[in-house]
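Think of it as A, B, C and D in the order they're written, each chain with its own count starting at 1.
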Amino acid sequence: MVTAAPILMDTPPSASAKSSAGKSPFSLPTVAVPSVSAPGGLAAPAGETLVDISHLDFFYQTSQALHDINLKIEAKKVTAFIGPSGCGKSTLLRCLNRMNDLIDGTRVARGTIKIHGVDIYQPDVDVIELRKRVGMVFQKSNPFPKSIYENITYGLRLQGLNDKAKLDAVVEKSLRGAALWDEVKDRLDSSGLGLSGGQQQRLCIARAIAVEPEVILMDEPCSALDPVATAKVEELIQELRERFTIVIVTHNMQQAARCSDTTAFFYLGKLIEFAATRDIFTNPANAQTEAYVSGRFG
Amino acid sequence: MSEPNSTAAPAAFAIQKRRLRLLGLTLDDTIKAFFGGNAVVAIVVLTLITIFLLREGLGFFAQNSQSLRVYRQAGLEYVDFIRAEVDDHTALTRYLSDLRLRQLTDLTEVKKLSLEDANAALTKFDEFADKFSGTVDPLRSMLSDLTEQATAIKTKFIVTGDKKEERRQLLAEGKTAEAAAVQIEETDFAAELKPLVATLPAFKEGNREFGRALLATLDGAPVMPAPELAARMEKLKQLTRDYVAGLPAVEHALETWDYARPIPAWKAVSSFVFGRQWLTASFWQDWYGVIPLFIGSLMVSIVALVLAVPLGVGAAIYINQIASLREQRIIKPCIEFISAIPSVVLGFFGIAVLGQALRALSQVSWLSWMPGFPYSERLNILTAGCLLALIAVPTIFTLAEDALNNVPRAFKEASFALGASRLQTIVKIIVPASLSGIISAVLLGLGRVVGETMVVLLCAGNRIAIPDFTAGLSVVTQPVHTMTGIIAQEMGEVVRGSIHYRALFVVGLVLFALSLLINYVAQGIVRKYRISIG
Amino acid sequence: MSAPAVHRFQSQPNAARRSERAAFWLFRAATYLVLACGLGVFGTIFFKGAGTVFKAEAPFINTTFFTDAPESLYIFEFEGKKYEMGDRAFRAFKEKHPAAAKVKSESYVYSAGGIFPCIVGTVLLVVGSMTIALVLGVCAAIYLNEYARDGLFIRFVRLAILNLAGVPSIVFGLFGFGMFVIYFGWNVSLLAGWFTLAFMVLPVVITASEESLKAVPKGFREGSLALGATKWQTIRKNVVPYALPGILTSSILGIARVAGETAPIMFTAAYVVRDKLPWEVEKAGEFLFQGVMALPYHIYVVSSKIPQNDYTERVQYGTAFVFLLVVALIAASSILLRNHLRSRYKW
Amino acid sequence: MTHYNEEMTHLKESLLAMASHAESAVARAMRALVERDDALALQVQADDNILDQYEIEIDDTALHLLAKAPLATELRLITVAMKISQNLERVGDEAVTVSRRVIDLGAEPQLKPYIDLPRMATMSLEMLRDAITAFVNREPEKARAVIPRDSDVDDLNRQLHRELSSYMVERPTTISRCLHLMVISKAIERIADHATNIAEEVVYLYEAKDIRHSGHKTHETENSGR
């Protein structure tokens, strides 16, 4: 891991620092300059509130999927969303980087989601910039049918980074970050589709962290993996929490218990309980929560 | 991997980056609008087709109305009453000449007379026939005179129109002096028609005389040797009597005829839609009636579908339900391959091979029981229909197979579980369940066949006439012309802007509307079918 | 019963079974009849056309048929020998043998030479119209599949595409004639033919492209968007490249259709004869505004306008053979490519 | 049916095809004139060989048939067919003449709006078509009706000549164009003549035999006035 250190130091390029250093969070660059975004994840100190959801109502067409959600997600912590199927946990997750925009007929009817105090549903918010800061890993691993190398560099190339040396460095750093480097370092040019399921998922994580987001959303990242691969991914999450704020949706309560710091329990679109993981699993305040975590329903 | 990054400045969370805007659109919006614009092309093309067909075609109705008006005002209509009467007589004469031919055959083949002797034996018949056909001669000469008069009036009118056009063109070119020099003489139809109408008493007189003479000739009809021929002679006599009885009606029509009666506006449309004649470049009167072409298209399509539906659907059922996997793998692409044969190649095949082969087949003696066999027109409805069937089969096959494929497996399994055989399952469960899909497949096949041009142009025989339906089923061995064929054939030869040119565009409009209709019905059936299954 | 059944479910011949078998044979007969008809057409044209296209001695292919323009064929007897030669050869012959100038000859139009200008024209027509159709069609499909949200407008677009697919080709011809040839004043030209044919295959290309785009998994789009790609970047880098093989394969079917259609180019692009080849234009600008000869139209001309006999048959079957071969190759390659790609592109 | 009958049908089919082709040639030549379309005119010229070829073809078939010694009526039919094909071939030549002049005219501005010429062409074409139909459908009456119409075309031709002559006198610069138009007019008039020839052949063919096989009685009644 020592080799990675200087690279990490290098990655924040000066461009973003120049444009926004020392200014208020609302300072706006007037022209779109393709640039590697600021490594915002390193900005907020651990434990500070990063994402602030308040009074959120969310609709699919006419049916309400989320009811008055209030939630504060702390920086550099792992937050787990648990709850039975269809309880709205994935929906809330997808709200955080506005992936729901892609689905027809969805809308936020009330409430706000603020990241660093910026309401991400304001009309002047650039969704693309938001998604660069809030990365996502999906339930089903979805590596692109390109080489491993290209998978990792995809996000950076989009931002106009073409410096081969830098890209190489990022690839190594990300793969190491995703604990995949040793397994694939000899075949970076082979297709990402040739990896095993667990490797693919870790490749997706590597791809996500390559663009240095601040928050990583994980939508049941282990549901399609076998226990060994799951264990590796969980291990990875533990490592990543030092650098990123992680929000993870899971069906697996043990998983939530194992790797999260705080846990939110949802039921029928409502946030039932939100507390430190230890409390949720050992001393839930709510009867429904207790019933769920002790396996009596869901 | 814990690397405290204290050196980095506390970065701003700047997600409100402003992107380059052009006319208030971001790059992404512009791209989206560009793609959207391409999607609109489909609508635009459909609209443009409608607009341009209408633009070129609509003028037809005004021109047709004008043409019909001249037809009446110049007295052509009047003369045509008499012409119809004479033509009917000609038909009788032709019946008589047919009778002579039959008798001649009878004499030479049954009675084994030599040709000279046979002709000699027919002297009496010929005298009768001469007399019979001669009765109409006075009438015919009168008709000929009237024809000339009417044509003269029409020509005069047209010349006036031409002169006006000439003046207009000259004025447009700025040649005012020359334009003024063009002399225009307006046609006074009432005055021009006077001598024409004045012949009415003479005609009545001649007409009665003609009727009497015709009836009188019947008494001199020769006795026919064979009972079958005698029956025909009797029929001729009866037909003649009926004909003579109908003569006063013609006189009445002539009496009540009025050149000034206006032509209603709908006539311009109805004479196209219901017109039974497509007659162009005529010295007398042009008729643009779509019926013969429509019937031609229809007949060819019917024959094609009658052949293609059993084959296409049968093949679909075979491939989908009965055939082994290997057969499926080989046959399916092969049938799809047939649809890749360009229609012009099929048309050529029809001219070069199939027309000949079918005719030869029709002349095989043990097939003579088939309707219309033997026949002599190489290119006819049947030839074109067979080839169109080959075009329609792949379409019907592919779509019908899809429909069969969409039947849920559970239906089939349930049927088998109840002890039904494969045939029973196919007939009672699978085909009914996919019936609407099959019907829409057939309809789309029909659309393909109706719109097909090259095969019918090359192989349908191109005779512009309503086929003779009294011939029964053998009507399929007659040549026809079709809507698509006429456009392809005549478009290259007509002068732009002429009524004939516009008429072709109206035929195109009819085809266009027809294809939309077929599509609409087929889609409707498909929609209904989706609901019933899902 | 002479032979007792071995067990209760022993299958026994009965009426139902026989009728079932008969019915299956009927279906089988229908299928094979269709195949036989198709094969008959192919076979006849291949067999007879091969005589024109191939020859017995090396190089086994009648190269002049592919490289020459159509000519009249002259048949004459000279000094007791019978000659058959094309127009140019006949003129040269007459110059060489002055005595031959007066010889009585029979001429058969289009029956000598080759079909080079027709092949060139067809290639030009296909390339141009498919380029236009692909650009328009793929873009439209991208919009429909990637951007469009269900609504009245989209339903209109889809309805228009469906209806466009059913419009007879001759109506496209009329439309092209009315709009491009007359209204735009392009006259009978390549450009008019391109647009007419392009609009005709547009529904095929759009439908095919949409199918291919649909086959690209949703995960690719989400994954890309979650990495901060814009919609356009996602489509350009992560959707279209994977859909492209499918789009191209299906479009080949469109090419076969474009190459095979006669009716739309009859009044918009095709000439019966044209002495000059398309590139022999005085100004580059005229290139687009010239009519061309085309294989399908040539077949129409030689099969309907000239009588059938031993001499004209050669060019008739030869042209049909070459044309059919071209179209069949295009179609076959699309089917093969489709099967190949289907097995290769699985995700 | 015998082989002989087949050849007979073939003969008729060829004649019909040839006639439709001749018609098309004239129609296209006229369109080329009215629309000043040189390309179309060139096409007409290029297609002319086709008619020559049909003539050869028909002659061949006819000679074959003659050799088979059919009945007297059919002998006549065959010879008539040969004559018709000759006439049709000439019609094609006239179409070529027209199209040549069209190309020459295309180089100069239009002299006058063409009105009489297309009408003449229409009349001639109609005569041609009627004559052929009469032949195929065995309708001597129809054929006979064609013959008097020739004089209408002649009249138009004469009128046009007068008009053009006065043009030429008035303005000598138009002489070359007027001459072209005169040639075209003459060519169309010749087409009508060919149509008349064909009609006369048809009348001869069917009037001389059929019901009135005696052949001595011809119907002068309806055209006697002209």
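The working rule: contacts are C-beta pairs under 8 Å (C-beta built on N, C-alpha and C of every residue); 3 or more make two chains touch, one makes a residue touch a chain.
Owing to the predicted nature of the structure, the values given are computational and were not obtained by experimental measurement.
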- Ranking chains by how close their C-alpha centroid sits to the total C-alpha centroid puts first chain C
- Please name the chain that ends up farthest from chain A once chain centres are defined by their CA atoms averaged. D
- Averaging C-alpha coordinates per chain, one finds the centres of chain A and chain C separated by a number of Å equal to 52
- Distance in whole angstrom between the CA centres of chain B and chain C is 27
- Roughly how far is chain A from chain D, going centre to centre by Cα mean, in whole Å? 87
- Hey, what residues on chain C touch two or more of the other chains? 230
- Note on the structure: In chain B, the residues touching two or more other chains are 492, 496
- Task: Please give the residue numbers of chain A that touch chain C in the complex, ascending.
- Result: 37, 97, 99, 102, 104, 128-129, 131-133, 135-136, 138, 140, 142-145, 154-155, 158-159, 193, 204, 207-208, 211, 217
- Task: Note which residues of chain C are touching chain D in the complex, please.
- Result: 72, 106-110, 187-188, 271-273, 291, 305-307, 309, 312
- Note on the structure: Within the complex, chain B is touched by chain C residues 16-17, 19-20, 23-24, 26-28, 30-31, 33-35, 37-38, 41-42, 44-45, 135-137, 139-140, 142-144, 146-148, 156-157, 160-175, 177-179, 182-183, 199, 202-203, 206, 230-232, 253, 256, 259-263, 266-267, 296-297, 299-300, 303-304, 308, 313, 316-317, 320, 323-324, 327-328, 330-332, 335
- Task: Would you tell me which residues of chain D are touching chain C in their complex?
- Result: 14, 17, 21, 39, 42-43, 46-47, 49-50, 52-54, 56-57
- Enumerate the contact residues on chain B facing chain C in the complex. 27-28, 31-32, 34-36, 38-43, 45-46, 48-49, 52-53, 55-56, 310-312, 314-315, 317-319, 322-323, 331, 333-338, 340-349, 351-353, 390, 393, 397, 421-423, 444, 447, 450-454, 457-458, 484, 487-488, 491-492, 496, 504-505, 508, 511-512, 515-516, 518-520, 523
